[in-house]
Each structure stands twice: as C-alpha cells, then as structure tokens.
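Next come two complexes built around chain A: one with chain B, the other with chain C.
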Partner chain A sequence: MGEFFSLERTIDAFPKLLQSLNVTFEIVIVATCLGLIFGFGLAMIRLFRLPVLYQIASVYISFMRGTPIIIQLYVVYYGLPMLSMNLFGLNINSWDKLFFIITAFVLNEIAFIGEIIRGAILAVPVSQTEAGYSVGLTGLQTFVHIILPQAVRAGLPNFTVDLVSLFQGTSLAFLLGAVDIIGRARMIGTNTAHIFDPYVAAAVIFIIISVLLEFAFGKIQKKGDVVYGRIHS
Partner chain B sequence: MKSIILRKPTVIIFVTIFMAVLLSSCGGNANSSSSESSGDPSGSDPAVIPVGVCSTAKPDAYIDEDGKLTGYDVEVLKAIDELLPQYELDLQTMEFSEILNSLATSRVLAGSQEFEWNAERANTYLFGEVPLIGYNTFIITLDDPQYENITGLADLAGKSTLASQGGSVEAIINSWNEENPDKEIKKVISGGTSEDYVNFLNNRVVDFIIANEQNFVRWTEDFNVDNWVFHEQAKIYDSNSYILFEKNQVQLQQDFDDALQELSDNGKLAELSIEFYGKDYTVH
Partner chain C sequence: MLELEHVKKSFGKLEVLKDVSLSVNKGDVVVILGPSGSGKTTLLRCINFLERADEGKMTLADQSVNLHSATRSEVHAARIKTAFVFQNYGLFRNKTALGNVLLGLVSARKIPKAKAIKQAKDTLDWVQLQDKYDCYPSQLSGGQQQRVSIARAVALNPDVILFDEPTSALDPELVCETLEVIKQVADTGITMVVVTHELQFAKDVADHVVFMEDGYVVEEGTANEIFSNPKEERTKKFLSRILPPEYSI
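Right, the complex of A and B next:
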C-alpha cells in the first residue's frame, strides 16, 4: 500500500484548502452577525418574560441547544423547501445549498448567543442600575452607558468559546455539499488517493484560526478589564 | 427581571420590529434563479432539472485539479443534457446518501452515482431502463490460500465484508443472510470511501470486499496495492448501474432513456468508459 502520510503532500494541500476558507468564513460571519442581532431580541423576550413569546422562545432555545447541529442542518435542508411549498407554494429546491446551511447555523447561533447575552446582562449587579437612576440617567442611558459595557465584558469569554465552536461546527457543512475547508479536503483526498494528508492540513488551519481568535478576544478582554478598572477608581 | 432597565413598551416595540424583520427576511434571501424545477417542460424555456451527483467518487463523479466537475456519470449527464433541449440539467454535488435522500424528498428529480438495481430502491425510486454501465460485482480478498478456491458467498460463511450505508452491498448481504441464515455473512458498515475499502481489507478489519472490476483496477493502482486477488470465478451477480429518478418522473425517465440509448448506439458511452475506466464496460 502507498504511503499513508506525507509531509510534502500535506504542505501541498494548504494553498488548495485556503481557497475554500472564504466559504467557512462566510458561514461564520453571517451566522454570528445575525445571531447577535436576533439573539439580542431573543434575550430581551426572555428577560422581560413577554407573554406567549417567552414560551415560544424557551421551546426554541431548548430545541436548538438540545439537538446536534447535524440534525438541525438536515431539518432545514429538507424541511424548509417542504414548508415553503406547502405554505407558500414556492419551490426553493433550486436555491443555493449554502443558503440552507447558513440558515441552519444562524438559527443555532440565535439560540446560543441569545442565552449568552441574557446571562451577561443578568451578571451585571442591580446596584449598577440603581446607581444610574440615582445620578439622574434615564433607563435607556443607564442601559447603554453602564449596563451594556459591563455585560459585554461579562459575556465575552462565553462568546469566544461559542465562536470557536461555530468555526469547528462548520466542518459538517460538507455533508450537504458545501465546498468549505473539509469539503475541499475530501476532494483533494479523492484526487490524490491519500485522504489523511489534507485532513492534517485542515486540522492545522483550524487550530491556527482557533488560537488567533482566542488571542484576539483575550486582548479585548484585557482592554475591557482596564476600562472597567477606571470606572471604579 | 431587576437589572435590565429598558421600559417594557420599548422592548415590545423592539420585539415587534424584530419579528417583522425575521419573518420578512425568511422570504427574500435567494441566491439563484427562480426557474421552475419541473419534469414537465412547457413553453420555450427549458425546464431546469436538479440532478444529484457526488463530488468525491473518482472516477464516477469528482472535481478535478482545475475545479471542474467531471467523471463518467457526470459526463454522461452532460451528454444527455445536450441531446435534450427541453431540459437544462442543474448538477448539484452532494454526499452519496444525500442523493437518495434528496430523491425521496423531491429536492432533486434525478440522481446518478452508479446505482445498481435492488428491490428496496425500486420501491422508493424510479429506475432508468437503459443501463449506464455494466456493474458486475465480484469477491475480492487478500492473497491468502484460504480463499484460493472460493466461488461465491457460500464459501465465505461467517466472514465479514464492508458495506456502505445505503449502498448495494448492504442490500446484497441482507438478502443473502435472509435466504441463508445458516451461512450468515457479517457486515461492517462504513462511509464507503475508497480509503475505507482499501484500509479495511489490508488491515483485515474485513475478510473480503465486493466490488466491480473498475473499482478493483482503480484502487489497486491508486493505492499501490499488490496483494489483492480478484476472484473472477466468484461473481456475485450480473448487474448494471442506472440513473435514478424521483418516483413520479416518468416522462423524464423516458426522455433520459431515449438519450442514453442514443449515446450507447453511437459509441459515446463506450468512449467515456474507456476515458474514465480504461476499458469499455458498457452494456451492448
């Protein structure tokens, strides 16, 4: 049997894999941005316990956090076209598969980020709110200038973990035909008849990205510590 | 909720806007044309037919070094597309099992990845009637004296073989075990990649594999294997591979069959077989 692993083949795979990095980044960026926007809304629903919406949000979060992402991918990929046809008579089977993949990750991130935001806001002591009122700030001013910065600092570690987890979770997108890093690794393996090498190269790329993300957010976290220190002194 | 200080009416307004944006964004974000995916052509525009193919099944369907989707199945579909102006084939790459799932849910209307006929598939999908290529499968083992005189599965009772999920080998072994409970053969289920077949057999995770001559030639060449035996006397059965269709696409199947027959008659299928498999394995 031929060589199982070759450093030369692994290094050759790097530039080819990087061609598909944009697909991975697209999934992560869109899912994170929309997750932040709609996750904030979800957090507000849960924090204020808005009737009916609170119950719907709770069920939604339980489903999204309680099921593997692969199930959610399949549910969206096969379920959304069926739903669209039955409810609107619209056939969306020909839509780009990346739309369905990104939609699944967006729905997943809305739940996770929503809970991160809710936890972060709850982590800020009540005394901070009272202090804001006591110096004559309005509710909105207190939230924007006092609560939100501290909530961001409190939620940053969890958000970092979620972001790194999302990057790794995109590795399942190839199952539905997306040519992300893992999809590209499989193609290289098919063409070269050596699957191990591109997977090693893909693993290295993922590790580098994860380390860079943790380093960057660690720096932001430290900067927040400094600012927080000034507010209190 | 004590630490949040936004007033409830403000939040209600925000949430209403958020729900409106969420619902409206569900309807508006398409990345491709809104062409009809119907098997019934009408009007002057060709009907777009979504077709499922693999992208990591060399040389049946794969993406080459230049990023082009090619392979025997893919090139046959492209040739069919040229012969059927009433259709425009939209080749969508996906995993092998997803082709079957997509056919079952009408996400695609046709699929091609060397599908052999079996009764289970025939219940769920519509098979083409013109063969894509000959797919006679044989037993392949390591070069071991215990396998020297085998003539079929009966000589391998109690042994194990590799079966990919949803693949035809799984159906073959299930059927064999039902009919021959005293000569049961064990299945080891895997993703069914070329690496699986080569590694599992070479590392004796399985005792034998079932494959056709095309795959035997390719795997032994690609993976530098020199200790396999292709048991020509141990044919599993005569078989062909076919294009699969969504259950109701009778007209589409008939049109595809007519085109495929034309490609067979004019030698195009044989030419593609030689290009991708090194030999003419087509059915005449």
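Right, the complex of A and C next:
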C-alpha cells in the first residue's frame, strides 16, 4: 500500500491541481451563463410552440439530452472546423481547444437548462396567470411580476443538480487535451509514475466543491421558503 | 352597466353556455344560482376574458365588445373595468398581502406608488387585515386570504366585481366572516355579480337573482320573486333540495 498510495504525494498534488481549477470554473461559468440565456429562449420557443422553431428545438433537445457528452465534445471538436471551413471558408483548426470544449458544454447546457426553465414555468399554476390578468396586468407584466419569481423558486433544485453534474461533467474535457483538474492529475500521474494519488486529490477537490455548491444553493432555497412560504399547489 | 347578449361557449363537444343574456344595472348585486355544471363560472370567466366565448356581445360601462373576437386592447380595457374574486383566492403567492393589493394599482392602473400604498392599506384595514400587510398568502388562513383577495378587487375600484363561489373553499366559520365582508362590499354600492351556493346570503344581499341550468338562464327576478315564488318547476326543485321546507330560513 505504501508504494501504491502515499498521503504525502496526495497532499503535494493539491496545489498543482488547484492551479487548473480556473479552467474547470471557466467551462462551468460560461456554460451556465450562456445556458441560462439561450436556454430561456429555447424554453420560450417550446412553451409558445413557435412554428418551425418548435420542431427544431425539440430535435435539438432530444439530441443533446439523448447522446453522451463525450460524443458532443467530439462532434464539436471535429465537426465545427469542418462546418466553419465549408460555410465561411474560415479555418479555425488552430483555435484554442478550450474554445471547442466550452462550445460543446454550452450547447449541452442550453438544452438541459432550457428544459429546466420550461418545467419550472409550467410548475406555476395557471391560476396565478389568471389572477394577474384579473387585476389588469398585461401578459408580460404577469410574467415578470408573478410567473418568473415563482418559476425561479420551482426550478432552483433542478438547477442545482444540473450545476453539480455539469461541474463533474467537465472532467471529460481532458479527453480533448484540456488541462483542467483531471488533465492536470493525469499529467502529474504520468510524470511521477504514481497514477493513483493525484486522482485521489482531484476527487477530494470535486467533493468539496460539489458539497459547497449544494450547500450554497440549499441556503438560497431555504431563504425563499422563509420569505414566502413553501409553494403549495 | 353590464349587458351580455347571446353568449355561447363550448369546450370541445360540451356546450357549457348555450345562449345566455344577462343585464346588470349599476349598483346592483346580481347573484347567479344553479347546479354545478350549469355554466355559472364559465359565464363569469367569459366576462373577464379568462375564457374566450364562441359568440356573444358584452357592453360594459358604455363600451361594446365582441366576446369572441375582441382585440388584445379591448380585452385589456374590459379587464381594467372589472375585478375577479376567485374560488381558490387566486392570490399571488410571491407577494405579501399588501403586495397583492398594490400590484394591480401600480402596474395596471399606473397609480403613483405612495398613493397606491395608502389606498391598498386603507382597503386592507377595511377588511380588518391591518396587522397582516406583510404576511404572505401561505401565512394566512383561508378566510384571511379571501379577504385579501376581496380587498385586492375593491381597491382597484372597478365598474364591476365578479365573485366566483367566493366561499366554497372555506369552512363554515370562515364562510360567515367572508360573507360579512362581501356584504360590506355590497353596501358600498359597487356593482357585483356573485356566483354562489349560499342561499341565505343571496336572499340577504341580491337585488337580482338569476337561476341557470344547462347553459341557459332558466329564470330571473328579484330575490323575493325567486325564493318565495319561483315560477319555473326546475327552480322550485333546485331551491327545495337545498332548502327543504322544514329548514326554511
């Protein structure tokens, strides 16, 4: 066991791994922010059943939710340069790998967050919309003042789950050669010929951050409960 | 004040309103009675465009509008002139009692905030909720929630308030306190259309009673006419079932 695992080597690996944490965070933050923005658009397309766009959105969502992220990563990594070359004559082969990785995660998150937003909006009873209309609010006012705040609360638990799973999902980025935490752990393992220890360190980092994320969002959720009570329907 | 002509509404194959015409004078309290499924609630919802009628014309405060083909601005104009009290209160769950009353005043009626707050608080005081301004609906009893809902409607100062079975979700004690508040609203002289199963209440406050069944108005008249001397066999039967002679009130 002494040969296989050493606490010292594991502890040594931490600072090196943490240096790569910013890559992981970059993927997570960009994918989540763009996922929220475009996912909202996607949810609107599906909720209002906009012709043509609705069908496109549905196919897009089934693809993104029905295929492993690893396939999406490769499709973007190899497919996007070809597409760009054929459509615009633009060679993007030499662009930073991280660009393709982030693009793949963004495209994936748009689908997942879009569905979370759609579900959250549908979770607000129709009677809330009717109440808004009955006091003379327009559709938009009802949406902004009544539906959206309640949908945020309804969608928060699913959003937290998605965020944590995205955070862990970014560990696949190393397959395209990104030096995120896992990429770094692999490098350390290869260089020192002790594969196991850096991965243990990486696992600890993932656990701590995941738990912190869940804790933080749990707090926000609780705060909402205190402010205006649990939602009964 | 409010005139409905030949309102028809079907949900798929089910004809809920077959041909309903109704006239409400300014300041009147009109109570609509009838068995479940007779179309009372649907009629109210058509007035507020929560349901689109298939046919029919409405004249509300001298403005006529086609209930089927009204434009968005006509719908909005009609909604501004009316207020609705829902069976299940319909309070905004993310707003306090005060916020519930305020939202329509500030966002829909464009009343300046300070004035709106005063008006909202006055109305909440008036329904005895002066100590509940900051409570969320989940922190209020059913009766209190319905009083907030009534305050929300009254504060808007609409031409007509529509009540859709305002007490049927409440227990008997809360029914009493809520009916008292609705009577209080009626005493202000505001025009009201009330769908209810509370016959004693109908007797006490209604200027005009409409008995509906199966998508038609079967009979209408003053409260006295309908309760003491109903002409139609169907009305008699309905009232006797709810009010057996030995329990007559």
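We adopt the following convention: the second predicted complex is superposed on the first by the 227 of 233 C-alpha atoms of A that agree within 3 Å, B and C clash if a C-alpha of one lies under 4 Å from a C-alpha of the other, contacts with A are read in each partner's own complex, and residues count from 1 in each chain.
Here, a contact is a pair of C-beta atoms (placed from the backbone, for glycine too) under 8 Å apart; a residue touches a chain by one contact, two chains touch by 3 or more.
Because the structure is a prediction, the values reported are computed rather than measured.
Colleague: One more residue to check, A:132. First (chain B), second (chain C), both or neither?
Modeller: In the superposed model, A:132 contacts both chain B and chain C.
Colleague: Between chain B and chain C, whom does A:222 touch in the aligned arrangement: first, second, both, or neither?
Modeller: Neither partner.
Colleague: Could you tell me if A:96 is touching chain B, chain C, both of them or neither one (first, second, both, neither)?
Modeller: It touches chain B, and chain C stays clear.
Colleague: Regarding the shared-chain residue A:50, is it in contact with chain B (first), chain C (second), both, or neither?
Modeller: A:50 sits against chain B, while chain C stays out of touch.
Colleague: Quick one: chain B or chain C, who's touching more of chain A?
Modeller: Touching more residues of chain A than the other partner does is B.
Colleague: Looking at the overlay, what does A:41 touch: chain B (first), chain C (second), both, or neither?
Modeller: Only chain B; A:41 stays clear of chain C.
Colleague: Applying the document's definition of touch, where does A:149 land relative to chain B and chain C: first, second, both, or neither?
Modeller: The answer is second: A:149 touches chain C but not chain B.
Colleague: Please work out whether A:186 is in contact with chain B alone, chain C alone, both, or neither, and reply first, second, both or neither.
Modeller: In the superposed model, A:186 contacts chain B only, not chain C.
Colleague: Which chain A residues are contacted by chain C in one complex and by chain B in the other?
Modeller: 128, 132-133
Colleague: Given the complex with chain C, which residues does chain A contribute to the contact?
Modeller: Contacts found on chain A: 127-128, 130-138, 141, 145-146, 149-150, 153, 227-232.
Colleague: Please output the residues of chain C touching chain A within their complex, sorted ascending.
Modeller: Interface residues on the chain C side: 48-50, 76, 79-80, 82-84, 86, 88, 90-96, 103-104, 107-109, 136-139, 152, 156.
Colleague: So in the complex, which bits of chain A are touching chain B?
Modeller: 1-2, 38, 41, 44-45, 47-50, 53, 77-78, 81-82, 88, 91-99, 121-122, 124-126, 128-129, 132-133, 139-140, 142-143, 147, 174-177, 179, 183, 186-187, 189-191, 193, 195
Colleague: Note which residues of chain B are touching chain A in the complex, please.
Modeller: 1-8, 10-12, 14-15, 18-19, 22, 27, 29-37, 48, 50, 55-58, 62-65, 90, 92-95, 98, 101-102, 105-108, 193-195, 198, 202, 222-225
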